[in-house]
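One structure is given here, and the rest of the page talks about it.
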Amino acid sequence: MIDWLSPEEWTAVGLSLKVALTAMAASVLPGIAVALILERGRFWGRQVLDVLVHLPLVLPPVVVGYFLLLGFGRRGPIGALLDEQFGIVFSFRWTGAALACAIMGFPLLVRAIRLSIEAVDRKLEDAAGTLGAHPVFVFFAVTLPLILPGILAGMVLSFAKAMGEFGATITFVSNIPGETQTLPSAIYTFTQVPGGEAGALRLTLVSIAVSVAALLASEWMARRVRRRLAA
Amino acid sequence: MSLDVDIRHGQGDFTLHAAFRSEGRLTALFGPSGSGKTTLVNAIGGLIRPSEGRIEVNGRVLVDTRRGIFVPKHRRRIGYVFQEGRLFPHLSVRQNLLFGRWFTPRDQRKASFDAVVDLLGIGHLLTRRPATLSGGEKQRVAIGRALLADPQLLLMDEPLASLDEARKAEIYPYLERLRDEGGVPIVLVSHSVAEIARLATSIVVLSEGRVRASGPAAEILMHGNLLPQPDRGEAGALVETRVAGHDEVYDLTYLEAKGGILTVPRLPLPMGAHLRLRLRARDIILSLHAPEGLSALNALPAIVVAIDEPDGAGVDVALDCAGDALVARLTRKSVETLGLAPGLPVHAIIKSIAFDQEALARMPPADEL
Amino acid sequence: AQTKPVLVFAAASLKNALDEIGAAWTRESGRKVTISYAGSNALAKQLEAGAPADIFVSADLNWMDYAASKDLVRPDTRVNLLGNALVLVAPKDSTVQVDIRPGIDLAAALGSGRLAMGNVDAVPAGRYGRAALEKLGAWEGVKDKVAQAENVRTALLFVSRGEAPLGIVYKTDVASDQNVKVVAEFPADTYPPIVYPVARLKASDNPDAQAFLNFLRSKPAKALFEKQGFTFVDKPATGS
Amino acid sequence: MSLDVDIRHGQGDFTLHAAFRSEGRLTALFGPSGSGKTTLVNAIGGLIRPSEGRIEVNGRVLVDTRRGIFVPKHRRRIGYVFQEGRLFPHLSVRQNLLFGRWFTPRDQRKASFDAVVDLLGIGHLLTRRPATLSGGEKQRVAIGRALLADPQLLLMDEPLASLDEARKAEIYPYLERLRDEGGVPIVLVSHSVAEIARLATSIVVLSEGRVRASGPAAEILMHGNLLPQPDRGEAGALVETRVAGHDEVYDLTYLEAKGGILTVPRLPLPMGAHLRLRLRARDIILSLHAPEGLSALNALPAIVVAIDEPDGAGVDVALDCAGDALVARLTRKSVETLGLAPGLPVHAIIKSIAFDQEALARMPPADEL
Amino acid sequence: MIDWLSPEEWTAVGLSLKVALTAMAASVLPGIAVALILERGRFWGRQVLDVLVHLPLVLPPVVVGYFLLLGFGRRGPIGALLDEQFGIVFSFRWTGAALACAIMGFPLLVRAIRLSIEAVDRKLEDAAGTLGAHPVFVFFAVTLPLILPGILAGMVLSFAKAMGEFGATITFVSNIPGETQTLPSAIYTFTQVPGGEAGALRLTLVSIAVSVAALLASEWMARRVRRRLAA
């Protein structure tokens, strides 16, 4: 198996995992927050936020990457700000790949969490309130555990999307081996050369293997969570 | 202790317009299904925001729409036993029970976990999840959860509806103690007059969103006509008594009322303990003579005070029993046959065994009755 | 009589030129042409899968050869139609000076920045650029500093947005971008000739196909191609 | 009609091992919270598959694990009133009520929609969704849904728990009619002895997953000691009577029992109608002499048959009232004072007004008692 | 506005809508079925199916498109079969674009429906059973209405994804104006030529507008469905 992939390909596999996990982890909290706002909020800009969250899904990934470049690039307003203030640089870094993946997976994450929030019986939150729990506590002690299945599902989607994302990534942070060349980029490269099918297939199988592992892990976790709720 | 409510709230076609003041430690809400009891309790608990009005508990204003006051539910320090349980499905029974503890300052934690768990008989369920509990078990956990929050106002919406008599018999004394010693006002919704008679110090009768009657329990229960028709048979007097002695041979306890000594099955109470006795109007037989050769042990001399308007075949006869007001429900025929009239001396006969569990209630402090 | 439009599979980079030429041909002949733009690789694979196209215009020889090897094109119709040149670009405000000669130290000019190129294995502009740098002996020095883009337009974008201080792109790409300037042009002998081959496909049964192919090689087309910066080659060829 | 159950089923630490045969039209399941009543009903309804055993209803085998028979729930033609409502949240009340109709062959649709809606007082709710109903309203809709499915077996798990007396008083006669005329066996879970006494023809007492007692209602209720302690006061005799006449002046009805005439408040029943009367042991006073000057209208001559083992202060005295078996619960002291002993003639005194609503039940056909 | 887009671009907009709606509509029923199987089924191949459903998410769209080309192309085994047996042709037709979009959106659709199925109180299904309803009827009369919010959410995701999908589409059915050139493909083409930014931006705005309309419509429907359930 080790021989099966070149060292560079192994690097791409590792990088992909790193990027996907980072993207997933980094988007969970904002995802929960946005889902809450969209599902429970009653303010004017709700619809706008809703549309914004969906944009990465609606637009071709290349366009998303392009916008990311405009916004988060070295000379982009946000990118420049982050660089100056916090020394955070996205351009041509794996962090940029993670950002692109996080954004591409965000609508999926948010939607899954929203569905779970919708299913929460608000009477339980009321009950917690009567027992003296501040709404923030209620959220952490009641709502959050109840929406765990949705969060998990969202994370699975986000991770899977990140494993497959490449349009936005390559447009935003290019395809630098060891830095931003994720599995999909590597696969893509293979598809661009005549006779690259074998290589593409090889990496595709690796990608599938990783995802199968992730899926099984997530299903296992989901089953545990569900069992906690049901029995 | 006081509960002062004057609110208006609409939901769909239904409008609750409830205004009453209760000085009682335990205010019972009584009324047919759909009359607005839960809505009222929700308003007191802060789960709904009445469109208009005021709610004051023990001098603390919880809601005053005119002054824009609305204390959010988590600041009301209430314990609410919901009509439908509402246990947290993701928490174990123990975690459910202890949920309110987080928000009770340590020095205000009075309810003992072990005592409550024991009382409710849920010790063997502590590690289980609500989904695996039976209906009654859920309800008991819900009661425990509310009690263990050490609330300053206890709201109970038909908390004992699906419990068996044995369990109720164990819970009643606890609620009585809470009522009398805990200093916690309790609002109890119940469809059982017996339960209300045992526990309530004040009663609010609701019907179609309006308060039909409200006042001290003794007063409301005395007059059957304040209750809905089928419950009238449950009306009766609440009589204050003291434990005057025990009969160890026959397992009896003697209670001293103003009008004389009443004999009841042995009670686990010390001499001198105060007890409130419910004497249901329909359980009292009147005799013109002192009874002889009768199995009933209790016969109190009394004077007929008034004879109510008849209500079908029955009629309420008000009695004065040396200061204790009693009421007996007789047939009109008996009233005529016996020639009962105000001023006539009679004997009120009550079977000792008839004082059922529910009728023997610990008495709340006298100022409340 | 209304006949089926001629279906052309063309590399996406030719969109501007071919759109105009197609319109011109329609004006002139009254016949229609439909052009599907995508990556040359995708198009080649689609042809292999039986795409009903009449004409294939590839952005490099590789994919035309691939199609030929699958016996998809009519060898006699194959022509190397266009040429292009490779340039080194920098952001407009850049002060960098590079003189392209053997042994140049591009790495020094890049500093900590990266050199934006098309994918050096897959994208034609990337492959040509790499060949040029190898020929100039500069490849080893910069190979770890290359930011490979999915296509040459993105490489240009990196330079245009100031992400990369330098980039290697086609001459045709630079014209319309106000934010980049050409630092230097690679000498034509440093890289294999950049060729856009065109051929009619075996599967083509549209009688107008040949007419359009001929039109592509005509004077009016030449002008339009050159307007977009391409060099008009029009040399029959049989692959490399 | 018959219900034959012999099953074993485990869930968690709890094991239900219930074996009984009931010939009754309405079998009441009685027992403390957590004793397995719902589990048993679920087994009969096909919601759980017992790990072992047999269930047969009216000769139809629903479950037989040994023969591998398990009739799926949708083929059992049951109407199940769940302990927790389980209304369909996405359907209106009307749609909920009519859900079972889809699966009832047209010629078997006996329950009238209007009649059921009327009975339950839910006419004004038909267009509403369950989420907006009060607790009791939900329960009533759930009852209606089960009734309107025209089931061949009606399972009711504490269906009346959160209803007021007035509503119950309206539903009881309907259930009685269903029991007597519908030919539909009913299984009813209830914590109320009064309710069971009124409705049941057979009683199964459960405790900790085992059947503690089972048999005809009259038998079980007669012997207080088959019931849990706090319910013993509710024990008593079920006596068959016939309407012998009405007294229009005093609004009374005369009922003929074997031992004599009993007077009760006016009943809306024709002459000759059969009625089952519950005479609670604790409501009966014994007198050595024929009573005089007493407000109680009913005094039946009787003979002491036996004196039970005492149980605390009380003791059950079995009486023979010209063929009707009665039981009176007295204090031991009274028994001694009056010198009661088997064979002694006495008078059983019962207040006419004491026959409360629940005690006056339409009688199921005689072969069932 | 009409002038703002060329006739060809209008065609692309219309085609995109047609493709997205078709993809969404065609995948709803299989989506529900697969979600049910995954959520309720207890058979051996469940995990395999789960992985299969997720693949379009995990793999780069180009790879998915390539597999589609191999399988459903004129010369692919499935494509040839469908052509011969039913006269259904996907290759280089808008139907192929719809197929690609449907497949790309399928994991999103299925996941949303699964979350809803998970939240259904099975006790209600039991109750329907006791009333005499056959499991199939129970599904249609109880389960289906209860999971409607999830189905709607899934359809939104599927539609949005279809509006943005281009990697698989362009690889599978190319980019033929009027037949397979969807909005994203058109946008992509613009990004490939000098001076194409303006055109790309224009089409991007159109795409956003369409999606906003779709989103608002879906939210409106979701609110109606939810109100039906809650009040």
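By written order: A, B, C, D and E. Residues from 1 in each chain.
Keep in mind that, in the parts below, a contact is a pair of C-beta atoms (placed from the backbone, for glycine too) under 8 Å apart; a residue touches a chain by one contact, two chains touch by 3 or more.
The chain lineup, named per UniProt: A, E = Molybdenum transport system permease; B, D = Molybdate transport system ATP-binding protein.
Here the structure is a predicted model, which means the values were calculated and not measured.
Within the contact network of the assembly, the step distance from chain A to chain D comes to 2. Common neighbours of chain B and chain C under the contact definition above: A. On a Cα centroid basis, the chain most remote from chain B in this structure is C. Centre-to-centre separation of chain A and chain C, using mean CA positions: 35 Å. Centre-to-centre spacing of chain A and chain E amounts to 20 Å, using the average Cα coordinate of each chain. Computed centre separation for the pair chain C/chain D is 91 angstrom, with centres defined by C-alpha atoms.
Between the CA-based centres of chain D and chain E the separation comes to 57 Å, rounded to the whole angstrom. Multi-chain contact residues of chain D (touching two or more other chains) are listed as 84, 132. In chain E, 62, 66, 188, 191 are the positions where the chain touches two or more neighbouring chains simultaneously. Counting partner chains per residue, chain C shows two or more touched chains at no residue at all. Here the chains touching each other pair up as A-B, A-C, A-E, B-D, C-E, D-E. Chain contact summary for the complex, chain A toward chain E: residues 47, 50-51, 54-63, 66, 107-108, 111-112, 114-116, 118-119, 149-150, 153, 156-157, 160-161, 163-167, 184, 187-188, 191, 200, 204, 207-208, 211-212, 215-216, 219, 226. Interface residues of chain C facing chain E in the complex, by the touch rule stated above, are 7, 9, 12-16, 34-38, 42-43, 45-46, 49-52, 151, 153, 172-177, 228. Interface residues of chain A, counted against chain B in their complex, comprise 123-124, 126-135, 137-138, 141-142, 145-146, 228-231. Contact residues on chain A toward chain C in their complex (touch as defined above): 62, 66, 69-70, 73-76, 91-92, 167, 170-171, 174-176, 188-189, 191-194, 196. Those residues of chain B whose C-beta lies close enough to touch chain D in the complex are 11-13, 31-34, 38, 83-84, 124, 128, 132, 134-137, 139-140, 157-158, 161-169, 191, 193, 228-231, 233, 247, 250-252, 263, 265-266, 282-283, 285-289, 291-297, 312-314, 328-336, 338, 340, 349, 351-354, 356-357.
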